[in-house]
Amino acid sequence: MIKIVIPKLGLTMESAKLLRWAFFTGSRVAEGETILIIETDKVTYEVPAPASGIIHPIAPQGTICAVEEVVGYIAEDREEYDRIVAQQPGMTPEEKPAEEIPERFSPPPRDVRLKASPLARAMAQEHGLDLRIIQGTGPAGRIVRPDILAALEKKAKMAAKRIERLNASTDKEIRESIPITGVRKIIFDNMYASLSQSAQLTLHTEACAEALVDLRQRLSGKDQKISYNAILVKTVAAALRLHPRMNTSVVDGAITVWKQIHIGLAMEGNDALIVPVVRHPDSKGIAEIERELAELVLKVRENRLSPDDLVNGTFTITNLGFGDIDYFTPIIRPPESAILGVGRIVAKPVIKGETVVPQQRLGLSLTFDHRITHGAPAARFLKSIKDLIEEPLLLIR
Amino acid sequence: MTERLLSCSEAFAEALHEEMKRDDTVFIIGEDLRAHDGIFGQFKGLPSKYPERVIDTPISETCLVGAGLGAALTGMRPLVDLHFADFFTTAMDEIANQAAKIRYMFGGQARIPLVIWAPDGGGLSAAAHHSQCLEAWFVHTPGLKVVAPSEPADVKGLIKSAIREDNPVIFFQHKKLFAQKGPVPKEEYLIPLGKGDIKRKGRDITIITYSRMTYFALEAAKQLALKGIEVEVIDIRTLKPLDFEMIAESVKKTYHALVVHEACLTGGFGAEIAARIGEELFDDLDAPVTRIGAKDVPIPFSPLLENYVLPQVSDIVRGIKKVLNLG
Amino acid sequence: MNQAKLGKTDMLNLFKKMLLVRAFEEKAGELFQQNLIPGFIHLSIGQEASSVGTCSVIRPNDYVASTHRGHGHMIAKGADPKRMFAEILGKSTGYCKGKGGSMHIADFSLGFLGANGVVGGGFPIAVGAGLSIKLRRTDQIAIVFFGDGAANRGTFHEALNMAAIWKLPVIFVCENNQYASTTSISYSLAGGSIAGRACAYGIPGYTANGNDVLEVREIVGRAVLRARSGEGPSIVENKTYRYRGHFEGDPQKYRSPQEIDGFKKEQDPIAVFEIRLKTAKVLTDSAAKKMRKDVAQIIEDAVHYAREAPLPQPEDAMEDLFVNP
């Protein structure tokens, strides 16, 4: 038993009108033969038989059916046909197909003047309704606003039914609805604006992290543990000094290169993305940066960041190493023009000379705005970061 | 604002008292003003208070309208009382050819602070020569502003603005409304020309009307409200300039428009309003704009005949039902 | 102001003004022939004594309501021929920015309340000006020029009655040039006299030889004196003659060329006055020649100005209807 369903003919198609069945119930049809003519708000379409067999239409002509709705069956043989007919009696006799079936179906002439009020026409156009399938209740059968409203309601019900059906099959229920307001709304808008209003491109590279790990251990004392982030902030600041063109924003239609370097570090706080800013890290020591970062982390945790802690960043670092991420494509925070994504430090096999040796490696992802920076300078900038990580001694240059 | 109930006559007289006190170039000229303080009592107290500025004329409508124009051109601010709107015919050249055109054809040299005030309308068995509504003639003449208020408060606020206008204004007042009372603010106020007023809010159909038919439309709206039909009644108050914005806003909400005036239907101002709604709000209309006006005959004398010719509340109710397709 | 007080300079000024009116009108006719003036124009050649004489006895702040044949009145009241030509050529620097043309030209700053396309349209306006003068208690007066045809309009009678009952300072100055458009007064004027109609309203009705500028001055002067002293209106009927048709291009089948020539030869207001001035030794041949040359130059300059003047922009048609829309 094969189901005859309304095919989805377009992205927005939700329903179709059954104009005419081409066969009576019990007729033999061959696969691919036109068995049914349907009409959407855009086209008239001849539905081919999905298989050869004996047809049994169940949806009457003139009805509007949802996409994928079963409108009939094709039975493999007489026995199956009888079974289907017993279960699905189908159309009443007056709804039987028209007597004469033309060789090729031609849609009803379009120049038949439809009576509809200007408002009804405007509404139908706005909602993509076909006035020809709406019964007018105005004077002389004119289609008026209430008729359109009724049709829209029917359409909405049908769509709802479809969604209900779809939901039933996937068992999808809403657990929680989170309103998009406040900080979430700002993030929501900023992220969208970032991707929709700039040309972002991400470069990936991997640095040897042996020196970095070593440096961190050596810098950390009893009183103060130094974080990778503090070293990375310092490292990026040094790289930005070498590549001032990465320290830019678009302001009033001009590319503005900033004199100062202020690096934001993305943190997770209170279910939101927060990026506190370390000011002038290029002229601060790593220990000092560490102290500031620790203070900012504390402030984030206790929810006592001041607006001053969050503004005027010129570059951002985001570190997803804790989640065993190697590479990703961070999104620039407008109006900045670049962001560095830092992955995990992990031992990987590296070819050294003729042998494979283990080595601590660090994934780096640099997203930049291609409107402002080309690929080559951005690659050179990322290379500088890599070099500085691999040879921290260069930091004191 | 504190309010009192005043009749249209009283509100009008009060406005004149205020304006004549405020500006000594304001004067009134017309026939039979002094003997009875105006034939509708509209100038109550003015002839005795301003003996030089309430001027009775011979029966010379042509010349008294033209004289008003001449005085307006030379530094005065006259209000010409035309006695009955029907007599406009006798001064048509002075209004349509002279007052309306002088500023324009002389390249903007002149200011014409002239109000020509005329009681109009039927319902008094005054027959064909004392019952007409002739506003369409004047809206059809570029260079004139045309006002036809209904409520006493509107009469007062609009006549004050009309007097202060530097352009010729034709000001109609319906004879049947002189005794009509309504709340009028005690404090001084002006109503600018060209602003309509929604006299009743509704969501189902917009009636656009003016002058006496405003009251008829409100009565029809009241009757239909009992059946759950919410009629919005707009009193345009000023025909020219027309507050089409208000009409548009309302029709975009109700999708139905009925224009009602007492003047005869053919070539009436309702045709202009209907045409503009058709042109500018076509896609907002769920039914053809429909007009109600007097039948196209002169106003007959016998009350039965007159009532048949003039639009009645029942005609408006029928009109609403027709537009809304309520059988 | 009477003739006795008229000095030599005043006399010469009157003469020059009449020359200016005629030169303006002749030039206007010429420009019309050259198709430089749109529409149609009505010229007052032959009637200069009436316009110049009348306006010479009134003050700058007095009002004048004019007619379709109003160029002469406006020049006599002191208008600038430059802006007049600019107007009748339809230019934006004309008196009415090209919106009025010959028949609807005005200068309110001169108290000139406008030419008027409607015959008899000026009467009620002049009565209104007179009423305004009375209400404002100034000593201005209002003059309304009209032709013999307008004397048969209702406005004439309504205005006379109203001006008379209120003793308004309005002077009804008729320029009886014998033809209302194509219709002779012998056919259309009951009673035969326009001044004579004054008696019905109990006001003076004077008749003047409208081709004698000094007589016009004297008689209008009398009416002015009466009006200014609050005694009320008068009619002055200046009997005159127009040399041109009702409008330029008028075939003039209603009168004979001989009739026109007769007036030109015997009663031309400029020729008559010139002879008188020369006889009185106020004007010499050479002075007259120089005066004509000066006038021709004024007109030449005015035409040059008007022809060079910018045309209005089409959208200017939407301006000046209302003080505030």
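Chains here go by letter, A, B and C, matching the order in which they are written, and residues are numbered from 1 within each.
The rule is short, and it goes like this: a residue touches a chain if its C-beta (ideal position, glycine included) is under 8 Å from a C-beta of that chain, and two chains touch if they have at least 3 such contacts.
In this text the structure is predicted, and so the values were computed from the model without any measurement.
A.B. asks: Count how many hops through touching chains it takes, at the least, to reach chain C starting from chain A.
C.D. replies: Minimum number of steps from chain A to chain C: 2.
A.B. asks: Quick check: more C-beta contact pairs in A-B or B-C?
C.D. replies: More C-beta contacts join the chains of B-C.
A.B. asks: Distance-wise, how many Å sit between the C-alpha centres of chain A and chain C, to the nearest whole number?
C.D. replies: Roughly 86 Å, centre to centre.
A.B. asks: Any idea how many Å lie between the Cα centroids of chain A and chain B?
C.D. replies: About 62 Å separates the centre of chain A from that of chain B.
A.B. asks: So the centre of each chain is just the mean of its C-alpha atoms; given that, what is the distance between chain B and chain C in Å?
C.D. replies: Whole-Å distance between the two chain centres: 41.
A.B. asks: Chain C touches which residues of chain B in the complex?
C.D. replies: Touching chain C from chain B are residues 25, 27, 29, 52-53, 55, 57-58, 60, 62-76, 78, 93-94, 97-98, 101-111, 142-143, 145, 165-167, 241.
A.B. asks: Can you list the residues on chain B that touch chain A in the complex?
C.D. replies: So the residues of chain B touching chain A come out as 255, 282-287, 325.
A.B. asks: Could you please specify the touching residues of chain A with respect to chain B in the complex?
C.D. replies: The touching residues are 117-122, 137-139, 144-145.
A.B. asks: Under the definition above, what is the set of chain C residues touching chain B in their complex?
C.D. replies: So the residues of chain C touching chain B come out as 63, 65, 94-100, 104-109, 113-114, 116-118, 121, 123-133, 135-136, 142, 154-155, 158-159, 161-162, 165, 319-325.
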